[in-house]
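Every chain is named by a letter (A, B, C and D) in the order it is written, and numbering of its residues begins at 1.
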Amino acid sequence: MSSTILNLPDQSTATVPKRNYLTNENGLMSWLLTGDHKRIAILYLISITFFFFIGGALAGLIRLELLTPQSDLMASDTYNKIFTMHGVIMVFLFLVPSVPATLGNFMIPIMVGAKDLAFPKINLLSWYLYLVGGGMTLAAMITGGVDTGWTFTTPMSTHFSNTNVVTTGLAVFVAGFSSIFTGLNFIVTIHRMRAPGMTWFKLPLFCWSHYAASILMVLGTPVLAITLVLVVLERTIGIGVFDPTKGGDPILFQHLFWFYSHPAVYIMILPGMGVISEVISTFARKRVFGYTAVAFSSVAIAVFGFFVWAHHMFIMGVSNYAVLVFSLLTMLVAVPSAIKIFNWAFTLYKGSITFETPMLYAFGFMGLFTIGGLTGVFLGSAGTDIHLTETYFIVAHFHFVMVGGMLMAFLSGVHFWWPKMTGRMYPEKISQLAAVVTFIGFNFTFFPQFLVGMLGMPRRYAAYPQEFQVLNVFSTAGASILGVGYLLPIIYLLWSLKYGAIAGNNPWRATGLEWQIQSPPLTENFTTIPIVTQDVYDYEWLDAQKEHEVTHVG
Amino acid sequence: MGLSPVLWEFLVKWMVNFAIIPPEASRIASQVDALLVFMTLVSLVGLVLVGLLVVGFSILYRRERNPVATQIEGSTLLEATWTIIPLGLFLVMFVWGSVLYFRIYTPPPNAMNIYVVGKQWMWKAEHPGGQHEINSLHVPINQPVQLTLISQDVFHSFSIPAFRVKREAIPGRYTTVWFEPTQIGTYHLFCTQYCGTSHSAMIGEVVVQSAEDYKKWLNSSTSGTSLAQNGERLFSSLSCNACHNGQPDSRGPSLANVYGSKLTLTTGQPVLVDEAYLRQAILNPSAHITQGYAPIMPTYQGQISEEGLISLVEYIKNLNSNYRVQQTLNTTGLLPEQPVTPTGKAGSSAQGVAKP
Amino acid sequence: MADLQTEHHEHEPEQHAEDHIVSPAVYAVILGALLIGTAITIAASYLEMGPWNPVVAIAIACAKATLVVLFFMHIKYSSKLMKLTVGAGVFTFLILVGMSLSDYFSRAWGQW
Amino acid sequence: MSDSHAIAAAGEHEVHEEHPPYLRHHFVSMEQQTETTSFGMWLFLLTEIMFFGGLFTAYLIYRNWYYPAFVAGSHQLDIFWGSLNTLLLICSSFTMAMGVWSAETKRHKGLVWSLIGTLILGIGFLGIKTIEYTEKYEKHHIPGHNFDWKGFTNPTQEEIAKGDKPLAPDMAQKTEVYFSLYFAMTGMHALHMIIGIALLCGMLFKALRGGYMDGHIAFVENFGLYWHFVDIVWIFLFPLLYLISRHQ
């Protein structure tokens, strides 16, 4: 038995189908005014990649500065602006839209058996809002930057910073609405647009996790929006809602900000979890272990996610009783994540496992997310939070979750669905290499940060005491490896657009509806609306379908 | 391939100074570390378990060995197991962590108080005896020290990793934290809440000294005026004594022994008079009127600096206590009286330090 | 405005919820109720009820809002999904307000 | 949510043959489309609830902290204008509901007149708001550099007659918090009204030219939902901002 399930059509005869969503219409306007969720997904993919590399370049500058204890590469002011921009861009312009707006946008309508998202025009509007938000962020960056940190802490942001807080705040406001519209579209689509026979428990877990994340987007983001409006008004007009000199309470800002920004962590990670469910099931040739538990754990994370925000404020003078409640709830929200990890691990049990690139990234995700999640418990427990918060420990923790978790999941998903999106395969060996390089580079970059954080090195320091240098040098060295790991996919994925092998409909022999149609799909996705009779992750059904499948090549 | 000398030097340095945790220099540090060790062990077990499962299954059930997967729906028993066991562990961590939290933020009654003002970008410590320090903090060993923190501008955060304590300094409000140093030495003091341009320069050192050295330091760095004396001056220059004079017909309540007492406000609400209350009552008097008095006190918002407020608070705290009465003319003996701790050691040493 | 009868459809309410047309008579009754509610709120604010004043004001406002949601916004005639959606919104709103306030109220605990 | 809407679904061709003019290509039936858009609108209203939720949270906290300042600030608002505005908005909600009904029952005149009524009432509301804002501006009650709280420490005879007490200076300063919230809340509400009126004008324009008479009234219905939501926000704002402790 071969060690791969890769199932490509005969390369001498196969072609990419002439008629597909990419070739359906030509010209720039056909892209800029498209209502097609797949084209919008591609537009999003291009724009978030652009912002990812800007954010990544800023991260590189941060690591370079931290190579030495002194602030010698740049002034501390510049450093502050750089880490602020890194945070704003990575959080609001990369992580939040990363999987949902690209892979989710592309796959969810197909997975539920619909021709498009419920509101194609709103979907396009969401992309334009994203662009406006991104453009404003870039404008703020070019015209002098902003130095409040991505958390816009008042009264720093309202009265003490003399940088472009207003522009950046409004940029985040606009980008927030882009995310609201994406989430709204997903919820409506999953509720209303399912194909005949596609019941809730036949939905792929990718849809479940997007559904959960969308709830958070729709209900959480507006609170951030109004908070930023108040910050902007306080800065421009001088109203006194958060200003302690006028009787306002800066802690209130923290409450409102984290009411969104903690659920935002789940907005970022839940879609990634959805990708991992799909990938692990496909490459283990097995139904996800405890499908219902995984599905409901996503919803549980979404619901509990709203109850835990004040754990960001344990040392900020919230009441001791609030600390107790929020700490307890934080412990509870950790459980669904643990459930997911074990369910994924047991999906492998008695599977028939192969190790293609998406699976390697998924393994990376499981390891790194486990570390990220468990270190989160260190911070959720009030007593240890006091020592660890605001140090590099917390930086390492959320990078393990966000970069180790979400980015790994994103890359896993991109590699998994790339043949579906483009109709072509990327070179397998080099992509596996990239996955391994990323994993190694990541650990080199961020594991030392746990250690240096445990030693007490505060975050957002341009200069730091001598004794932390060695670990920082490790971290910077790792970052250069990580950089290579991220550059490689860009190169070979672009290469594959022209020279990659023809992928065929279902190179991974996966069960999702998206794999039963041609690659790249038609604009209307399905020639006939599917009537779903098979179960979700039904590999026996798939094997029985083999003959039928071939006849469907468009 | 020879190792570059620079890299070599680095590695040697790292090996020599290798530490996972900062020095344990306070009473609470070892307790925090115990929980940290417990959590690390649990995490390691969890990680190893997940790792073993993934690697083990990957080897056992790779496609070459197991060409056809066996479809399994799930297992309620297993799922209950990995719901309940992590939940149990997390709850243990929650209880343990909360107990620690309350310990870290509940100062013992015999703690000596030092005020710390954070401002962009320095820490200013104000000792009751009138000693000022910038970006450093001298404390005696084996003596509980309570810090009353306030920020003059933005959020700052007062962090001493070696003591495992940290607290935000918030504009407009006192917060407190306490620790009991147990090792003589010099430790890092950081501002950990991002506070603007020179955030990373807002660092200093905490110097833990023996009782004798601390006494010497107190004597050598006194500014000549204690906080309470300074407060007394402010008290009269702001004409506070016009109303708060303790006369039977005075328009303001007597402030003697008011600190630590329980007052009833005009709203009928009972309050405990602490530093935070005193500060609020000076700045926002109308919301803090004692029952039986008219709301005629003007606000001093914007008229007194945070340092001035600290002096006033410190003065009122000590006002007309017996100790204070005896020592009125003594310039350096203005530390609040320390009740003797059960061990008798910590309290008496602080008293000894305080008396010239 | 001849058609004062609420038009009932034969279909299952679940399925054809949107088809239900509420009659102007119902709207007029609701309008009346809202105006009366407004009058009561204003009147109540002039009564001395101590801590109950804000409670009464909010209660009346909630009642008015409920009427608007149920009838003007047709939630009474809508599917369970819609009712659940509205419920979810109110629930999250209460989480935000309630849990933030819980911090503020409990800050003073133990201070007296 | 049942899957009933899609059970009868068939192949693409079948659907396309009986394609109603307003059915978008990706929906199976008109009914699915209507339900979907109205569900989407409700989700959008949820985001609006949370948007105002942040303001209400802030309001409740500060009202608790600075109750006397909130009372004094509230007494500066004219209860007559506030009540009249409530009246206008409730009536406009009614006319909007009638508009939806007219569209549902294909009454062209009814729809046009309902929309005109809604428009007039809405503009009336904004007009009164302008009067109130102007008064605040003249009294220097707009928060920011021109804010003047001195008036609250020594109220005029007229105000004292109405039961206002002089505030201590520290509490008088806190009226700025009240007015910050007043302007943030009513300002956000007014912004929603302005957006609503713009949409209303567009809708009226289309209705005058005979639109919405073919059964495709999703826009009218969803705009109605929006307008009612804005009304609900005001139903809460009115007692919270205008009616604090009027009995004093």
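We take it that contacts are C-beta pairs under 8 Å (C-beta built on N, C-alpha and C of every residue); 3 or more make two chains touch, one makes a residue touch a chain.
Note that this is a predicted model, so its numbers are computed, not measured.
Colleague: Whose Cα centre is nearest the centre of all Cα atoms in view?
Modeller: Centroid comparison flags A as closest.
Colleague: Of the pairs A-C and A-B, which shows more C-beta pairs in contact?
Modeller: A-B
Colleague: How many Å are there between the centre of chain B and the centre of chain C, using C-alpha atoms for each centre?
Modeller: Centre-to-centre distance between chain B and chain C: 47 Å.
Colleague: In whole angstrom, what separates the CA-based centres of chain A and chain B?
Modeller: Their C-alpha centroids are separated by 37 Å.
Colleague: For chain C and chain D, let me know how many angstrom lie between their CA-based centres, rounded off.
Modeller: Inter-chain centre distance comes to 15 Å.
Colleague: Can you list every residue of chain B that touches 2 or more other chains, as numbers and ranges?
Modeller: 284, 301
Colleague: Residues touching two or more other chains, restricted to chain A: which are they?
Modeller: Expected reply: 191, 219, 223, 247, 252, 255-256, 259, 320.
Colleague: Mind pulling the residue numbers of chain D that touch at least two other chains?
Modeller: Where chain D meets two or more other chains at a single residue, that happens at 1, 5, 35, 39, 43, 46, 49-50, 53-54, 57, 61, 65-66, 173.
Colleague: Could you list, by residue number, the parts of chain B that touch chain A in their complex?
Modeller: Contacts found on chain B: 10-11, 13-14, 17, 19-22, 32, 35-36, 39, 42-43, 46-47, 50-51, 53-54, 57-58, 61-64, 66-75, 78-79, 82-83, 86-87, 90-91, 93-94, 96-105, 120, 153-155, 157, 159, 161-162, 164-168, 170-173, 175, 188, 190-201, 203, 284, 301-302.
Colleague: For chain B, which residues count as touching chain D in their complex?
Modeller: Where chain B meets chain D, its residues are 283-287, 295-299, 301.
Colleague: If you look only at chain A, which of its residues touch chain B in the complex?
Modeller: 1-5, 71, 76-77, 80, 147, 149, 153, 155-156, 160-161, 244-245, 247, 250-251, 284-287, 289-293, 314-317, 320, 323-324, 327-328, 331-332, 334-335, 338-339, 341-343, 345-346, 348-355, 363, 366-367, 370-371, 374-375, 377-378, 380-387, 389-391, 451, 454-456, 458-465, 467, 469-471, 473, 539-540
Colleague: Where on chain D is chain B touching in the complex?
Modeller: Going through chain D, the ones touching chain B are 65-66, 68, 167-171, 173.
Colleague: Provide the residue numbers of chain D that touch chain A in the complex, in ascending order.
Modeller: 1, 3, 5-7, 9-12, 24-28, 32, 35-37, 39-40, 43-44, 46-55, 57-58, 61-62, 65-66, 142-145, 147, 173-174, 176-177, 179-181, 183-184, 188
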